[in-house]
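Okay, handing you the structure first.
Chain naming follows the written order as A, B and C, and within any one chain the residues start at number 1.
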């Protein structure tokens, strides 16, 4: 039996705050597996992974809510890069940089409206990595 | 060796915002297992899973905090269903739709005051599913 | 094949709100493993685990943000212990008491600036436990 299967992928996130849908890549990664758990992990201190609906406005609703809860102003002790950068370092405490998703018969057992999304408020990094790992008990 | 054991259960969540304690079902699900990890997953875009204390007021404290942080008003782009529905689609970014709990000797290794709870602000859905999965290394 | 390896450790958290870096202990725990998943779990109803940068001010930025989002005042139904204690019982819904981290070749696959941190707003408990567990597919 092989050890945990794991690999990293690189995503262009641009220079604006962004919610990026990773569902297709996640689905493709587990396609030849049976039952187990997909682990999605962003090895970055200013990125979160969220399971939300995409395509109906919730991406921008989330970015607006985060702007209200963690404003991009001068209140933050952590200062370097663009104004408000410190808020990006608090975000992963609220939107964690990982998610776990059941896989059943090689398919993500997501609900109809759930997508796996990378959340990145950081305007100074334009490229991000995501590590996908698959665990099973068998 | 069997693959990951997994099953779904259905819960009545009514037509009000609700925090529903799932601990008893989770405990029962792992009772015949050894050591491993319980994965609790809600396949819904407007549900979260939270590990909090129940029975001392924290359920309503949480619902009040979520009403303050994500108000049920007209600010949301995502619009359909009841007023404020869009906030329910942002919630899973902050209260994720999964949780992972260690299992030791067939018992949830929860703290004394921790319960496994479904959090649902959505007043338009009265029934929800939860997938329980058990993983072990052995 | 051994079952999931798991153990608990005890940490002094003092009588102030605190963000405590656990990364060194986590790294040591998985040092002799191959590829798998580290599960970090706090068996407490008022503790969270966050993956954030430490040493650049983000610990206090996080505590300030939590004070703003969940104020230590008299609004909470859950009342016992110090003023504002009820907010500590809501926090784990937003900062969950667990985290999952990939392990590759016996090393935490964290990003350069990520640390594994215990977050504790509770001023009435001065000692906390953390359970570390390692799962692999092999």
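Note that in this section a contact is a pair of C-beta atoms (placed from the backbone, for glycine too) under 8 Å apart; a residue touches a chain by one contact, two chains touch by 3 or more.
Note that the coordinates shown come from a computational prediction; the quantities given were computed from them, not determined experimentally.
Trainee: Take each protein chain as a node, join two nodes whenever their chains touch, and name the resulting shape: line, ring, star, complete or other.
Mentor: Here the contact pattern is complete, since every chain touches every other one.
Trainee: How many degrees of rotation carry the C-alpha atoms of chain B onto those of chain C, rounded to the nearest 5?
Mentor: Rotation angle, to the nearest 5: 120 degrees.
Trainee: In whole angstrom, how far does the Cα centroid of chain A sit from the Cα centroid of chain C?
Mentor: Whole-Å distance between the two chain centres: 19.
Trainee: What are the residue numbers in chain B that touch two or more other chains?
Mentor: Within chain B, the residues that touch at least two other chains are 36, 69, 94, 96, 100, 135-137.
Trainee: Okay, in this complex, where on chain A does chain C touch?
Mentor: 1-6, 36, 39, 41-45, 69-70, 75-80, 86-87, 89-90, 92-94, 96-98, 100, 131, 133-137
Trainee: Going by the contact rule at the top, pick out the chain A residues touching chain B in the complex.
Mentor: Against chain B, the touching part of chain A is residues 34-37, 48, 50-53, 56-58, 60-62, 64-65, 69, 94-96, 99-102, 104, 109-114, 119, 135-138.
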